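Each chain gets a letter, A, B and C, in the order it is written, and its residues are counted from 1.
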Amino acid sequence: MIGLFKVKEKQKEEAKNTNTRGGGGALVKKQSAGELRLHKDITELNLPKSCKISFPNGKNDLMNFEVTIKPDEGYYKSGKFVFTFQVSAVYPHEAPKVKCKTKVYHPNIDLEGNVCLNILREDWKPVLNINTVIYGLFHLFTEPNHEDPLNHDAAAVLRDNPKLFETNVKRAMGGGYVGEIAFPRCM
Amino acid sequence: MADLDVPQSKSRDLDKLLLRPGNLVGPDFDPGTELRDDMREYVRILVVGAGGLGCELLKDLALSGFSNLDVIDMDRIEVTNLNRQFLFRLEDVGKPKAEVAAKRVMERVSGVKIVPHFSRIEDKEIEFYNDFSIIALGLDSIEARRYINGVACGFLEYDEDDTPRRETMKPMVDGGTEGFKGHARVIVPGVTPCFECTIWLFPPQVKFPLCTLAETPRNAAHCIEYAHLIKWPEVHGGKSFDPDEPEHMKWVYDEAIKRAELFGIPGVTYSLTQGVVKNIIPAIASTNAIISAACTLETLKIVSGCSKTLANYLTYNGGEGLHTKVTEFVRDKECLVCGPGILIELDTSITLQKFIEMLEEHPKLLLSKASVKHGKNSLYMQAPPVLEEMHRPNLSKPLYDLMGRVQKDTIHVFGTALKNEEKQSSLTKLRVVFKGADGVADMDTAIGA
Amino acid sequence: MSEPKTKYDRQLRIWGELGQAALEDASICLLNCGPTGSEALKNLVLGGVGSFTIVDGSKVEIGDLGNNFMVDDTSVGQSKAKSACAFLQELNDAVKAKFIEENPVTLINKNPSFFSQFTLVIATQLVEDSMVKLDRICREANVKLVFVRSYGLAGFVRVSVKEHTIIDSKPDHFLDDLRLNNPWPELRSFVETIDLNVSDPVAHKHIPYVVILVKMADEWAQSHSCNLPSTREEKREFKDLVKSKMISMDEDNYKEAMEAAFKVFAPRGISSEVQQISNDSCAEVSSNSSDFWVMVAALKEFVSNEGDGEAPLEGSIPDMTSSTELYINLQKIYQAKAEADFLVMEERVRYILKKMGRDPSSISKPTIKSFCKNARKLKVCRYRMVEDEFSNPSVTEIQKCLADEDYSGAVGFYILLRAVDRFAANYNKFPGQFDGGMDEDISRLKTTALSLLTDLGCNGTVLPDDLINEMCRFGASELHVVAAFIGGIASQEVIKLVTKQFVPMLGTYIFNGIDHKSQLLTL
């Protein structure tokens, strides 16, 4: 390809003097392939009424967003839980990073907001999308499970004494203490 | 042909390949001193990464007839680099890799000019990359490869009949190593598969389930990841973990030890802690040398045509005996990054609204409810409502203005397409050309969009 | 971490401290320090080889500046060995660097005993008759030898060692040693303490798959007159049987059990490769047998006695879904069995040593332990003398390769790389080495190659003209990139030979820089 390179290099020399540019394009900042796929995911979201998505950084940053879940049934009914999503340029090769911003008493979410959801880590596949993840999160509230605990105490209570678990959840969501731990009101 | 009594040439050995006609050579091979001299004068090569592969690439290119090189790397030299990054010495630790590497090669190979860039690849203007004839990649992350691939393929233009235009091709050679294994590949956008066409070649990283870490740790790595991912944020609140901060690493190690003792799990060491937390890939000098040499040889062939080119992916495995294998991967014709997309001619007056309506009727697209994206800018999004609302004012504007008044450019449209009588989710690349536009961009509007 | 340890961190993760220590003990001799030799040595110096000695009698010429990074403008006219030595020393001050300004061929002819001081010799750019002589010298002196040659866009690497035995071969993929279809009593009784029908769903989904499969294999055997699944149909049925025990779809342990079911079907006993090693005549040990073969002799006894057909247990298990407690207990059961097997092996090794009148403690515990752990992965590599291969290569192999599209380029280069040495012996230059007279060189090389093929017994075989032309075009040039590639491969083979880890190449590696259809030829 030497002939081509030579011609181009000579053209560049000339262009330096006249300062024109040909063709057009490439003026706009490059998007990543991951970003493109994410935008598609977002327009195709098909969420239950109880889930809302928002973009705190405006329309120019869709790679970081929040999802608010207000469960309409189960232990967490009428609570409001906010999750932050961080999507990297390597998406969908890598899963989005998801954290629960609202401190919650939940067997599968710890007090730091780490979430135990298989598709966010070991079972993530590029064919999955943001919609699947949000449904997965939603599911955690309608059916918390004590078998894959991240909050050990909450899991034990759910397993051994569902009535007490229900009371604890209510108390936590109302902005009270469960044991030594204070929870902010999220109803 | 040179006379016997001319003074000895520095390119004594290379001359045999570049000055003599050959039989098994590239189609445009034109041997002679002009070829050799043109390579020195007109070819500019960018080496991305000045690590294990990058150091070798710079040396190899400098000794393969190339005189104008640039190197870009954002890292500084560390002690753990010294077992393979042969351009660095103990006293260089802490200095920018690109700068030291460039200096060392220039010191030893006279007549070679290497411009170092101590910078992130994303921080360079796109046009920076267009200045090079070829880009050689010595990287260890998918993310960086994907970025450069996007940039290089972004320069590719197609003719009206979807033939890639040769003068817009930005060839890349890419190498990668892990222990005794490695690969070298040639990417000529529009001709051979680009990085995105074969993204599946890279297996996803193994990640342990969080509940395993929290509840049923079984091995040392589980204990380390527990300390790193769960315990650190719990104890340090907002302070983020820095893997390059020895005190942070020591803390994680100590916590991992405690956890391992609690569960009776053997095997937590400081070295393993670093390995797990930083996802360290073992690396040795020999594999880097082999892979970089293969990449440089292909660079030499692409430029000069002095031999056939690798078609198009070489794998190397030296652990069990020795295996090298060439695989010819095929392009994804519909690749959003290197594919031609669909050519559409438009009037400069068409509004975004009309354009979106037009997509529904377009025989090759039949795309309803389309969203439109131009580079990093979203022009329109159909959903969710909060984003639709933010973009709605664009609908009445001319697409030409929204795209920065360029005569032609690539955009992506996505929505529901009718394919084989079935509605399918679709994402397509379009090459938009505006009729009657003069092609000179108005810089102000281009950047403001 | 101390500085050297940090410096070598990325390679210690591959060959460990034992491998590193072996490297640091090694003394390497390099013959000729053109780019091929320099690049090979560079990779070893970076890795921290103990010492090296460069032997090269030439002075640096202008032409060397264009292909060798170890010389620069200031070294023109000076000793190449000295210049390369100084630069290589800069790379790592822990390495003892020496050079001798002498032509290696002279040394081979005049002072063969010189080579016996080294662990390994890397001989670069030698012609055939020097290779043959050096090979004899090194075999005799028990010095490992690696030949390397770059020639235009072609080249080769050839290892020559009488015998290279490997305990820690580190294969990429290897079936783990779980004994699912042949559990020993302790494993069996542990499995019996666990109830697959436990009612607690958390407990149910945390039973490790090893336990599930041992139970299922037993259950199957009881209903199939003590046989294991063997037909495709039976294997499918077995997996269905495993699946039927699931109580919920999200039980990862059962999914793992189904995926690992093939481990139940794997044959019992030692592999044919290990069988072959125990049948080797070297396993009939005598007082001067190497430690490796003494341990093989012990292994052989173990397999037919305590092992009941099996090698010592490896003792480790892969990660699997499990409660921590069950996993740790299981791990301990495997470790205990491995330890017991080791003790038996150790006793046998000591007894054999004693019987031969050798110090019974002359093989260390860690070595025997490592041998036991890797008993299923042992490797023995033997190499033909270069002379034998050159005068009597496998003709069927050559002809097979010539007919195979993927191999024809490589075997063509093999013939031509030898033909150019014959050419040089006859005409005092390599074909195309000087400008002018190319057509004559081409026809002479063609004739030389033909007569070589005839001498080898490949009558009627012809090489493509294109390849012969290219070989003349190369004109014995030593291109930097080809040197870096081939030198890199040579250094990697040296590391494997010195550390006694991984498996070195068996045969001659022919580099084909035209289309990268390089091949390993066993001739």
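Definition applied: contacts are C-beta pairs under 8 Å (C-beta built on N, C-alpha and C of every residue); 3 or more make two chains touch, one makes a residue touch a chain.
Listed by chain with UniProt protein names: A = UBC core domain-containing protein; B = NEDD8-activating enzyme E1 catalytic subunit; C = NEDD8-activating enzyme E1 regulatory subunit.
Everything quoted here is computed from the prediction, not taken from an experiment.
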Greatest separation from subunit A - chain, by CA centre:
C
So which chain ends up in the middle if you average the CA atoms?
B
Averaging only over C-alpha atoms, locate the centres of subunit A and subunit C and give their separation in whole Å.
46
Rounded Å distance between subunit A and subunit B, as computed from the means of their C-alpha atoms:
26
Please report how many Å separate the Cα centroid of subunit B from that of subunit C, as a whole number.
33
Touching two or more other chains - residues of subunit B:
none
Subunit C residues within the subunit B interface of the complex
1, 3, 6-14, 35, 39, 42-43, 46-48, 61-63, 65-69, 72-73, 90-92, 152-153, 169-172, 206, 319-324, 327-328, 432, 434-436, 438, 465-467, 469-470, 473-475, 477-482, 484-485, 487-489, 491-493, 495-496, 502-506, 509, 513-518, 520
So in the complex, the part of subunit C that touches subunit A is made up of which residues?
201-202, 205
Interfacial residue positions of subunit B with respect to subunit A in the complex:
28, 30, 35, 38-39, 41-44, 126-127, 130-131, 133, 142-143, 146-147, 150-151, 154-155, 157, 166-167, 169, 171, 196, 199, 202, 204-211, 214-215, 229-230, 233-234, 302-305, 336-337, 371, 373-378, 381-384, 386-387, 390-391, 403-404, 406-410, 412, 414-415, 425, 427, 439-441, 443, 446-447, 449
What does subunit B use to touch subunit C in their complex?
1-4, 7-14, 16-17, 20-24, 56, 59-60, 63-64, 79-80, 82-84, 86, 89-90, 107-110, 179-180, 212, 216-219, 263-265, 270-271, 274-275, 280, 282-287, 289-290, 292-294, 296-297, 300, 307-308, 310-311, 314, 317-324, 326
Within their complex, state which residues of subunit A touch subunit B.
1-10, 12, 20-37, 39-40, 42-45, 47, 53-55, 58-60, 62, 88-90, 93-94, 108, 110-112, 114-116, 118, 121-122, 124-126, 148-150, 152
